[in-house]
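The chains carry the letters A, B, C, D, E and F, assigned in the order they are written, with residues numbered from 1 in each.
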Amino acid sequence: MLNVVVTNPPRADITEVDRLAGYGVATVHEAIGRSGYLGAGLRPIQQGTRIAGTALTVVCWPGDNLMIHVAVEQAKPGDIIVVTTTSPSSDGGFGELLATSLAARGVRGLVMGAGLRDTRELRDMGFPAWTAHVSAQGTVKETPGAVNVPVVIGGQVVRPGDAIVADDDGACVVPRLDVAKAVSASAARVAKEDATRRRLAAGELSLDIYGLRPKLAGVEYLSADEYSRRAGEV
Amino acid sequence: MLNVVVTNPPRADITEVDRLAGYGVATVHEAIGRSGYLGAGLRPIQQGTRIAGTALTVVCWPGDNLMIHVAVEQAKPGDIIVVTTTSPSSDGGFGELLATSLAARGVRGLVMGAGLRDTRELRDMGFPAWTAHVSAQGTVKETPGAVNVPVVIGGQVVRPGDAIVADDDGACVVPRLDVAKAVSASAARVAKEDATRRRLAAGELSLDIYGLRPKLAGVEYLSADEYSRRAGEV
Amino acid sequence: MLNVVVTNPPRADITEVDRLAGYGVATVHEAIGRSGYLGAGLRPIQQGTRIAGTALTVVCWPGDNLMIHVAVEQAKPGDIIVVTTTSPSSDGGFGELLATSLAARGVRGLVMGAGLRDTRELRDMGFPAWTAHVSAQGTVKETPGAVNVPVVIGGQVVRPGDAIVADDDGACVVPRLDVAKAVSASAARVAKEDATRRRLAAGELSLDIYGLRPKLAGVEYLSADEYSRRAGEV
Amino acid sequence: MLNVVVTNPPRADITEVDRLAGYGVATVHEAIGRSGYLGAGLRPIQQGTRIAGTALTVVCWPGDNLMIHVAVEQAKPGDIIVVTTTSPSSDGGFGELLATSLAARGVRGLVMGAGLRDTRELRDMGFPAWTAHVSAQGTVKETPGAVNVPVVIGGQVVRPGDAIVADDDGACVVPRLDVAKAVSASAARVAKEDATRRRLAAGELSLDIYGLRPKLAGVEYLSADEYSRRAGEV
Amino acid sequence: MLNVVVTNPPRADITEVDRLAGYGVATVHEAIGRSGYLGAGLRPIQQGTRIAGTALTVVCWPGDNLMIHVAVEQAKPGDIIVVTTTSPSSDGGFGELLATSLAARGVRGLVMGAGLRDTRELRDMGFPAWTAHVSAQGTVKETPGAVNVPVVIGGQVVRPGDAIVADDDGACVVPRLDVAKAVSASAARVAKEDATRRRLAAGELSLDIYGLRPKLAGVEYLSADEYSRRAGEV
Amino acid sequence: MLNVVVTNPPRADITEVDRLAGYGVATVHEAIGRSGYLGAGLRPIQQGTRIAGTALTVVCWPGDNLMIHVAVEQAKPGDIIVVTTTSPSSDGGFGELLATSLAARGVRGLVMGAGLRDTRELRDMGFPAWTAHVSAQGTVKETPGAVNVPVVIGGQVVRPGDAIVADDDGACVVPRLDVAKAVSASAARVAKEDATRRRLAAGELSLDIYGLRPKLAGVEYLSADEYSRRAGEV
C-alpha cells in the first residue's frame, strides 16, 4: 500500500529502547534468537558509535527523496529514520540539510538502504548514519511513496515503532513488543559471556566450556606425517 | 585512438579550480545540474580531505601501469591524475613511488578506476587518493595505452584539463569551460543552503520551505488504526 | 579430505617470520615474484597495523563456526588464524570471545574469508583482523570441517605453517620454505626503492630510471591541436 | 520465530490462483499497484514457462537443506515452494530428488533464494524453477529452521498461502486476500493494453495516448547544429 | 546538458551500417583497434541474432521511462535505441508496448543499460534486445531527461547516429564517421582469419603463425619431474 | 612459480575419465565427499552438454592470452583446457580460432576463469565451454605466464592431469589419483538415488527414508491459528 503516510504509529517504550543501546548489535541479535540483523551490506559512516531508537520508516522511489521530506513532519524524539527504495538505488538521497531538520526534532540517526552524501558534515555534526552506499549523486523530489508502513531492509521486515540498534557491526531490528524481553535476554547473555571470557582468557577451551567435543565424533586427529601419507602429498 | 600521448592540452583556469576546492563534491555536482559525479564505486583512502585540480588522464591496459610512468612526464602543477583501464581491473597499479614522483611535479592527488596499494604510505606522505579497489597485486610495464585523451570513469567522460573535485563523498568532474560558472553556482547554492539550514534547525519543515505539499496530492494520511484496518494486518 | 584435524604441522621459522613483519604486503608480494596476494576482497578492520605470523588454517561450513573452536586447541604462539568456508558466506562467525581465547594462546591475528563481528571490541583489545565481510549475523556450532589442511583464500593456496603478512593493503602468503628467501629479497627491494625514491623526489623520471622508453615505440606524441584534427573533434 | 512448522495455513483460493497464471508477471505486478516483484536476482532455469500457485515457505540455514525435506510433508497440490536462507548462500540445496518428491504431491515449481542443481534433469522432468544461483555445491541436513512462516525474498514479504506467479521475467507475490482483485485488475490492464498496442502499431505515439507532453514543459527541442553550438563541441 | 531532445542528428550511412551486420561484434571490435565494446554486463535476451543500426540515444532518470516515450517520436528506420540512466538502475523500464511502437517506426532493437521485461513477448515478436538486467519492476513517467545526446554505456561513449553492432557476444559502438573504415577492416580481418583457421585446423600452431616464440624468451620448459623437484612438492 | 611450461605431466587414466562423463557434476561432487566444485560463477555457454577430460592448465596475465597459444602445443587428446588469470579479468581471451586449433588436437572443451567470445561460433562448431564471463573485449599476446602448473579456480585447486567433469550445473575437478574411486562412488550413488527416487515418486517422504525426524527434536509443529496467537500477528 504505497502513497500512504501513517501518523503516530505505536512506538516501542523509549525507556526500554534506551536500555538496548547498552548492548551491541551482535549481542542483541543473538539474544532475540539470532534474528533481525539488517545485513552485511549496511555500513556505518563513523566509527565507535552505538545508538538505539524507534523506527520511522520511509519508502522512496529510486533517485527521489520526496518522502524523506514528508517523514520529517512525522518524526518524534527518539526516532531513527529507516529509508528504503522500491528498487535498488545507490543515489545520495540524504545529506546534511535533512539531518539538520531531523536532529531539530530529536531524531537520533539514519539507516539508509540506498545512498547518502555529506559524510564529513554528518560526522562533524554528530548525526550517525548506516548506509548501503555513499554517493554524491543527487535526487529529485517528484514521486510519492510511503511513511510509517512496514519496510524490508537487508532481508528483514522493519515496522514503524520497532526498536533499532546500530553500531560498528551494522544494525539490527527488534520488534516493538519484544524490546523489554530483548533487554533482559541481552543482559543475561552479557553476564554469561563475561564469565566465559574470564575462563577463555585463563586458557580454558571453548570446546570444553560449550561441550562441543561430542560433535567431533567423526573427525580424525592426524599428525602432519600421517596426513601427508593419506593425502599423497606434502 | 589508443597509443597516443597528448602534450600540453588546454587546462581549466587554475585560479578558478582552486576556488572549486572550497565547495564539496555534492554541492558542485548539484550546482552544475546534477551531473559529473564519478560514481559510488570510487572511495577515498583517507578521511576529511578535499582537493580540486585539473585532470591528467591516463588509459592503461589491465594489470599494466606503463602509461602512468609516461604520464608523469606530462604532469603540471595543479593536476590530479585520473587513471582508467581498457577493461575492469582491481590490480594495484599505483603506489608510493609513483606518488613521490608526481608530488615532485606538483600533482595534487589520484583518481584511480582500477586499484592502488601502499595506502598507509600515501596517507603518511599526504598524497590523497580515491580508488575503486585497494590491492597489493602488482602490475607489469609492457603494453602501451594513452595519456591525455578523453576517458570514462564511473559512467562520466573526463577530458584532459577538466576540473576534478574530490572529498569524502567521492569525486566529480567539471568540464574545463564550465569551471567559473560552477564556482559561482556553488557559491549561490551554499548561500541558499545556509539560509535553509537555519530555518530547518529552527524547526521549519522542508515540505513548506520547498513548497512540496502539492506533490503529495494523491497521498493519504492515515492513523495507525485506520492503516491496520485497511491493510488487514497489525 | 574434510573432517580432519592435523596436529602440529611444520611451521615456518618464527624468527624469519618476525623479520617479514618489517616489510609491507606490497613489498613481500613483489619480492617473491608477484605472488601470494590474498586478493582485494580482504580488508582490515583497523588502520596502520602490520603483522606477520604462521598460518593456522581452518575450513568451516557456511553459517557454522564449530571448527574455529577446534582450531584454538591447535594454536601456537606466533600463529595467525586463517578461516575459510566450503562455500561463500558473509556470516559473522568470529568475535571477541574467540579472539580472547586465541590471544591467550599467543595468536597474533585473524584472516577471515567469511565474516566477523565485534569490530570495536577487536580494535579495543588490539586483536588485528582482515576480513571479507563485517556482519553481526550469528552462526551455529554443528557441522565438522577441518583444521590445518591446505585452504584456498583469494585464489591462493595457504598451507598450515606458511607465513602470512598483513597490513593496510591486505594480506599475503609466503610458502613455509621460502620465508628466509622472502626476507632477503624484500630487504633488497626496499634498498633499491630507497634509491629510486630519492631520484624521483629530485625530479628524475621513472621512464628513464627503469629504461621504459623503448617500450613506447609505437606511441605517438601529439599536440592537443594535432590530436583534435586527427580525432575530428574538439 | 525459527524452529516452527506451521501446518495447514490458509491458502489463496486455487481457482483464482489458476486464473492468475493467464497473466504475466509484469502485468500482475503493475495491476496490484506496482508491488510484489521478487527482484531481478531470481532467474528461471527454463524458457517460456509461466506458472501460478500458492506459497509453501521454507527458511533454511545456509549450506543446509533439512527444512526442505520437512516442507515436503506440508505440501499441498497447487503449491509453489519458496525457499530462503537465514543469510546469503549460493549452495545447491535443491535437486531432482526433492523435485520428484514435491511433484508427487502436486507441487508446481520452485522459487529458490539460494542455489539449485540438476538443472537439466529439472527441465527434463518439467519441474519449473526460478533461482538466485545454479550450483552443484551440496548441502548438509543438520540445522533446523522453519516452514510456513513469513519469509523475505527479493525485498518482498511472502506469507504462506500467498499466490506466486512466475515466468521469463521473474516471480511476483500476490497477498492471499488480494488474488481475486489481482485477477480482475490484470484482465482490465490486458484489455487496455490490447487497445493501446493496436494504436501504437498503427503509428500513434504513447506521448499522445498517455497525455505525457505536459510533463516535458522544461525540455528543449534543439537541432543537432543548435545543440553543438550550445555544448561547444561536435 | 539534460532536458534536451536533439532532432535529426546526423546518422551513419545506413548502407555501410547494414554491411557491418555481416560481421560479429568480436570482429568489428578488433577491426577498429580493440575499442567500442559495451562491456560484459550487457547480455542478449535471445540467442543467435545479430543486428546493426544507428544509435538513438536516451537518458532516463532511474525508475522512470518518460524519455523512452519521447524518443519514439525521434526514431528513424534503421535505428537501434540505446537507453541509459543517470544512476544505476535495474528496473524494467522497457517492454512489449514500447517495442511495438518502435518496431512500427522501423527501429531494429534495443540496447538497455538498466532493465527490461516482457522477454518472452519480445522474443516472440522478433524485437531483439541486449540488457544489463531483466526485471518486471515497473517505472513511472515523471522526470525529464534527454534524447539524442552523447551517453555512456559500459564505459564507452555512444553518440547519436553512431553505428551499433550486437550479437551473442554483446554490443559494440562504431563512431559515425568510422563505419566505412570499420567495414573494410572487418572484411580484411575475416579474410585473414579464414586463412589462419585452415592452418590451425590442419594442426599448425598459432605460436608459429603469429611468430610468438620470441616473446617466451624468459619461459622455461620443464618436465613434470623437474618441476616437482623445483617446486619441492608432489 | 610463473614463467614455466611443464611438458607431459601425468594425466588421469583416460578410460576412467570417460566413465566419469556418465555422471553429472552434482553426482560426482557428492561422490567424492562434497568437494571439487568449481563454483557458481562458472556457467556453460551451451545447454544439455556433459563432458569429462584431463586438465590442461594455463595461467594468463589479465587482458593477455599469450599462454593459451603456448598451451595448444602441450595439448593431448582428451584434455579440457582450464584457464585462469593472475588477477580477476572479464576480457574475452578465447574465441573460435583457438577452439579450432585445440579441437584439431583432440581437446574436448574449455573451462575459463576470465572471459570468452564467439559464443555462437563455439556452439556451432560443438566446442563446449564454461566461463565466468562472456565478453568481446580483445586481449594482447605480450606477457608470459605458465602452463601445466597447479591453478586455483572457483576456490579449488586444479592440477594438470586432474579430471574435469562439466555439465549444465557447472564444473568439478577430481584429483588425478582419485578418478577410479570417483567412478565407483558415483555409480553407487546413482544406484542408491534410483531406489530413493522410486520411493519418493510413490509418495514416501525423505524425512523417513533418510531418518531425519530426530534432528527436528526442537522444532514445534503449530496450526496457523496457534502460530498467529504466538506471533501476535496474522
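Here, a residue touches a chain if its C-beta (ideal position, glycine included) is under 8 Å from a C-beta of that chain, and two chains touch if they have at least 3 such contacts.
Note that this is a predicted model, so its numbers are computed, not measured.
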Exercise. Using the touch rule from the top, work out which pair, A-C or C-D, shares more C-beta pairs.
Key: A-C
Quiz prompt | Turn needed to bring subunit A onto subunit B - CA fit, degrees, nearest 5 | solution = 120
Exercise. Express in whole angstrom the distance between the two chain centres, defined as the mean CA positions of subunit B and subunit E.
Key: 27
Self-check item: subunit A and subunit E: spacing of chain centres that average the CA atoms, whole Å
Solution: 41
Quiz item: Which residues of subunit F are in contact with two or more other chains?
Solution: 1, 34, 86, 90, 135, 137, 142, 232
Quiz item: Which of the residues in subunit F come into contact with subunit C in the complex?
Solution: 1-2, 33-35, 84, 86, 150, 152, 155-157
Quiz item: subunit E touches which residues of subunit D in the complex?
Solution: 24-26, 29-30, 34, 37, 39-40, 43, 47-48, 167-170, 172, 193, 196-197, 200-203, 205-207, 210, 212, 215-216, 218-224, 227, 230-231
Quiz item: In the complex formed with subunit A, which residues of subunit C make contact?
Solution: 1, 3-10, 66, 69-70, 72-73, 90, 92, 95-98, 100-101, 103-105, 115, 117-121, 133-138, 141-142, 144, 148-149, 160
Quiz item: Which of the residues in subunit E come into contact with subunit A in the complex?
Solution: 61-64, 86-91, 135, 137, 140, 142-143, 232-234
